[in-house]
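Everything below concerns the one structure shown next.
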Amino acid sequence: MSFIKKFIEQETISRRNFLLASAYGVSGAAAMRMFGPSPAMAASYSDPTVAWSYRNRTNPYWNEIVSGGEAFVESLGKDKSFLTHLINEGSSEKSLADVKALLAKTNGELALAIDTNDAPNARPVVESCVEAGAYVSTLWNKTDDLHPWDFGDNYVSHMSWSDEGPAEQTARILLDAIGGKGGVVHLGGIASNNPAIERLNGLKNALKDYPDVELLDAQPADWDTQKANQVMSGFITRYGDEISGVHCANDTIAYGVLEALRAEGMDIPIVSYDGNPQAVGLVAEGKILATVFTNPHWGGGITAALAYYAATGHFKPSEEPNEHREFNGPSIFVTPADAAEFKANYLDNVPTYDWKDFWGPSNGPIVYK
Amino acid sequence: MYELQQIDKHFPGVHALKSIDFKIGRGEIVGLVGENGAGKSTLMKVIYGAYQPDGGTVSIDGTTVRFQNPRQAMDHGIGMVFQEQSLITNLTVAENIFLGFEQQFVRWGVIDWKALTAAARAQLAKVKLDIDPSIVTAQLSFAQRQLVELAKVLTLEERVDGDLVILLDEPTSVLAREEVELLFQLVRDLTSRASFIFVSHRMDEVLELSDRIYVMKDGEVVDVVAQADAQVETIQHKMVGRDIDKEYYREQKQQDYERTNPLVSFRNVSHAGSFQDISFDLHAGEVLCLVGTEGSGREAILRTVFGLDTPTSGTVQIKGETITHFNAQSGVARGIGYVPRERKVEGIVSGMSVYENMTISQMGNYATGGILKIGEERALARAWIEKLGIKTPNEHKDCAGLSGGNQQKVVLAKWRSGGSDIILLDHPTRGLDIGAKEDVYEMVRGMCADGVGIILVADTLEEAIGLSHSIIVLKDGQFQQRFEGMPGDKPTLFDLVHHMI
Amino acid sequence: MTLETLKPHFPWITLLVLVVLVGALNPSFFDPGALMLLMADIVPLFIMAMGMTFAIYIGGIDLSVQQLANVVTVVATVYLANFGIGVAVIAILIGFLFGAISGYVTTRLFVPSFVSTLAMGFVALSMAKWLSDQRALSMDATLRNDSFGWMFDTTAGFPNELIIALILLALAWFLQTRTTFGRSLKAVGAGELAAVASGLNVDKVKIIAFAISGAFAAIAGLMFSVKLSGGDANLANGFLLLAIVAVLVGGTPLTGGVGGVVNTAIGTLIVMVIRAAMVYLEVDATQQQMVFGIVLIAAIALTIDRSKLRGIVK
Amino acid sequence: MSSSTAALPDGPRRISRETLVKWAPLLVLVVLVLLFPLFEWLEDFRDGKDHIYLLDSRFLSIRNFARIAISASPALMVAIGVTFIILMGSIDLSMEGTVSVCAVMFALMFIGMGGTLASWAFLAIPGALVVGAVMGFINGLVHVKLKIPSFMASLAMGFVGTGFALLLTGGDRIRVEDEAFRSLLTVRWFNFPVMCYVALLGLLVAWFIQSRTTLGRNFYAVGGGEELAKASGLNVNRVRIMGFTLAGVFFAMGALLAVGRIGIAETATGNGFMFVSITAVVVGGTALWGGIGGVWNTLIGVLIVNVINNGMVVIGLPNWVQDGTLGLLVIAAVVLSTDRRSVSFVK
């Protein structure tokens, strides 16, 4: 069937070139736009509502994010129920509608931390917040032409993670472990999600230095354990013993892959991403070779903190340099050698962070390609 | 032994049963007649427990009873044989017979299929039906299903101590004459085991079978007559409250018709599995009646004329034009109107108002560019309500709420107002009371006078003979015989039956 | 006034009660400006639900709407540069075509609409993934504002989105009540066999109903895409179940022939109020979904007019 | 056709056509099983590799059938549950919520009572089945007592179920690491893991219920003609509620196998079961309007869906083509297994 695949790939490459030209190329200058806010609106509030809007509670990653948000709220001397939760269930429409409802309810006295579920959704969310005079900090998803500094003070910051480098490093660990030859497969996240794309790119970058390793296949597993399980068993049928290593886009995918391998009695190296506690445990046991901890607890807390302290006037975002408005979160490697130590430092005892040290653990400005 | 005293039943706005007294003795067959809306079905529902009376008492052998649901009535030996297809067709015959009472064949939670089948066979023997109880009901003929229905009710015998009362609701409506005879013979034989309440629109049958006849009108029992004293005319008089015209079928209004330029012309038309090699002509002003038993191909011919079925061979011409593409839209466009047997399902759209129903087949005439001219539709509806004397408060009334006769008038108005001049009538008087039937007959004659050609599948043979100019007898999809039926020179029942079976 | 005559009015009474209830618990809910914004935001969902109403009105269902909206967000984003506002025509045509194919598969190939539309949705998803190269795309801001910026302006204080929705509602209502097609829909929904026996081209009516559903889904996808100024193969996820819920809560039961687009407007507002109530009444994050389900059962139990379900409740 | 041949009733031919329709789902399955190796053969042929059609197929191997069986087992249980409901002419969309609740409740009970099958924790298994029954029972009550059509009632109950599972877990996932319980996946008899035999057992139980118990036969009665069944004294409401309860038990079975397969119970355990199971039921030849079909049809349907999913990955179909291909194949399968002459209209 791969002849069909080849044809299709050629088709999509030409399409992609076209898209890149139309969507990414032209935008930059046009981003200064009619929706630009008047600075007069940037009022500060003494006690704004603090809210976190995120995908769902069924994923440990988001739970970590939320725990950070709650820790921040507690640092203000409030109960953690002070934090308002908006859950979008994977629906951009709900994400936006909930934000608007909250803006209406709070009359704009709001410090919002949000992952907008899908990159295109970031613009309308930010624009409504700006219009209502609320302060918003985004995480993960936004389009490349949307920048906090174009919106004065109200769009406080955007934090993301540059996953390509770390994913490349885990890939190298994997490729070394299989002796630099053989075949690997990649199970990705929802294909259109930015981290999914970056993490696959990381693998591809690493493969350039390993000419004897073939990327047998890469398919999305939608961040989902059960789907990963099924895709992996399909891979095993198709490639069988040709698979000598597995590169997973995150930990939840790795769980499904591990179980598929277990069912077959196979034991091959796999690497993953996110550094969830269970995955760290598996790294310590040697079942996963490496994962990357992105410290979602801190990310969740600091995103809320940035929005809050901007809203209360503690600092003025527009006076900060651009690298303080768009920056990458930390990435920490976890390998079997340091898993136990890492677990003790970050998971068993969650460190108490200084939520006013906005950029301490951060990892450099976001670079657009 | 079973007795109702002073039974009253009210519905919102309606006093459905007014102080009904009713009793039935052991082994007796009691007829129950009345026009639609006279309260027959309400009374039956009270008897078999579907309704609870508001007043009065129900007693069995002098003991007062009260049924909350049909199941409790069954436990007291009261069973109901429903009209025609009340068996569940995807179940086996045996399952249908013991539906709801399978527990007796369950051992340790498991159905003993052998015992169930054997017991079913025993029940079937009671009605002298020799079929394999483990076949699926869908494979039976309508007559066989009717007998299975009876066998099912007779299981009460084993379950209940004491006497049985069995209600037969229009049991003959789908049966051919000879099948009716068999059924009646069976019922008479069974009086040793049960009493029967027989409900039918066919007066002759009621008279033939019943020992006594209850006549109902407007929620009351207006007369009880013994078989010996019963006369069709007097009973009908009581039911309707007026005399039945001697010329029931309006034969005096039957006119001759022009035998040229046929409206519909069949030449050696066949449809695989339903009819073969049929030829006939239908002319303007003619009533052509198709006669035969259920499954003889009558309905299939109607459906082919209308365009719902495509024949497998032969030539069909409508108004001189040979039809190549069969579909209902072009049928309607050529002026064909179809009055189906299942009035409530196929005739009217329940949930739509009278005027909406009348224009459904001719919306194009009441619309410009697809936009409806509702005012004109309503005017049309009002005109035809007036013309046909349709009893409805206004043209906005949901058709589902009209009586059967008025629904039928709406269906006829639909086609006539659209200018259809070929009308296909499939059991047009089924389930109608006498007055409504007469209205339909009147309309048939009126349409003929207007030059409409009618193909009729009649409810009874008498009706077929009375109404038709010509009769074609069918059997198993084959042409048998053709009769001319001008007034004064009509074929007899015997002539027809002779060719039907 | 008896219970019977009151029944057809239950949907909007339920809506009113909900609004009053939420407002009583948190009076800031009554701010008219905020309410208008809330309504403007639900417009894409409403348009999709309105289209779905046609499929449900004839007794079917359309599960492809969400994927159709997805593919349209991609198409709109990719081709905006080439066709400008003309992309709307392409989008609606795509929706119409997909719907028509679903209708064809349902009526002519006898595949229940539950399955046929689900399957056609998968086909649409494939197309969306292919066109987008499985990436999130964004519209060029100038082009978007030139072609579709007017959608998010206001006219006399009313958001244009809301006005578009009202115009579409008026159109759909006209189609449903005043045209031969609408009458045919009702006939097919309420009594398909009678419609056949009256010589209506029932298959055609059904195919068009699904096509309209698809076209409305495409409009919803287009508006959403413009609003978010981008598109990808998952952008409209989460619409489907809510659209179905909006239709059902409005009182258009799955049995067909009853209800209509005005009911769906009310149903959508009920959904909106329930959802906003979660925010206004600060329902705990882990409880929101359960509360939504329970309120939904209560709302449906209140709004459906059982006397019009005719016959048995399956 | 001449009128003389038309005069012959087409009795024998009709029977063969009915038989064909009846066996169509199985034929579709067989064709699919032969089709995917053909693509493999084509690919190897093009690459110049030695490949004997069927014999050298990676798809057509015991190991791969075991993989298909593993992924099909939980779905089969869920689909069987909903089969009973569809036989009655109703529909149940609550499975995602019910599966999640059962999975989470099972894991909580299992861990709480010892965390290994060798302790009292085995009680968590019947416990989960009871939870499923209760969920189904509530679903049935809402449907029957509030007179809400099952589509809406079960849809809303699904939301409640997912929400309840979320409430129980607070969003955490619970690992079930007991070796004895995980032997569902890890221990194989005759090349197939234990969970496949458990699913087979579930199928046989379902078949037994369908064909040998009053309840099972009553599903067909209700689906074939509810009014008539009611008039025959059948307590239809009771049958319905019991049907939903039974479906809940099978959803719980599905939950147990899903946890057995992945070793994790979470709110998302039920995700994706709704469309897979209903599609499988319909593809297997059970009619959505009730009364026709049964659990064996559902087995075939589940296998068809899983064979397609597995086969598409095995032949290397790009991801984005897979959804559309699945859609088109499902339509084709349903078209082939529908007796068009017996259906007057479809909605």
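Per-chain residue numbering starts at 1, and chain names A, B, C and D are given in the order in which the chains are listed.
We take it that a residue touches a chain if its C-beta (ideal position, glycine included) is under 8 Å from a C-beta of that chain, and two chains touch if they have at least 3 such contacts.
Nothing here was measured: the structure is a model prediction, and the numbers come from that model.
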Most distant chain from chain A, judged by the mean position of its C-alpha atoms: B
Pair exhibiting more inter-chain C-beta contacts, B-C or A-D: A-D
Centroid spacing, where centroids are CA-atom means, of chain B and chain C in whole angstrom: 43
Chain centre separation in whole Å, for chain D relative to chain A (CA means): 35
Distance from chain D to chain C - Cα centre to Cα centre, in angstrom: 29
Chain centre separation in whole Å, for chain C relative to chain A (CA means): 32
Numbers and ranges of chain B residues touching at least 2 other chains: none
Shared-contact residues (touching 2 or more other chains) in chain C: 129-130, 134, 193, 196, 233, 286, 288-289
Touching two or more other chains - residue numbers and ranges from chain D: 166, 170-171, 319-321
Chain-chain contacts as defined at top: A-C, A-D, B-C, B-D, C-D
Of chain A, residues touching chain C in the complex: 8, 11-12, 15-16, 18-19, 22-23, 26-27, 30-31, 33-34, 57, 66, 81, 84-94, 96-98, 100-102, 104-105, 107, 118-121, 123-124, 141, 143-145, 190-194, 197, 220
Residues of chain D defined as touching chain B within the complex: 1-3, 6-7, 9-10, 14, 208, 211-214, 217-218, 220-221, 223-225, 228-229, 231-235, 291-292
Residues of chain D touching chain A in the complex: 39, 42-43, 46, 58-59, 61, 63-64, 67, 70-71, 166, 169-173, 175, 185-186, 193, 258, 261-264, 266-269, 271-272, 309-310, 312-321
Contact set on chain C toward chain D in their complex: 58-60, 105-107, 109-116, 118-127, 129-130, 134, 192-193, 196, 202, 206, 233, 241, 244-245, 248, 253-256, 286-294, 296-297, 300-301, 304, 306, 309, 311-314
Chain C - residues contacting chain A, complex: 26, 28-29, 31, 33-35, 37-38, 41-42, 44-45, 73, 77-78, 81, 129-142, 145, 149, 224-225, 227-239, 242, 272, 275-276, 278-280, 282, 284-286, 288-289
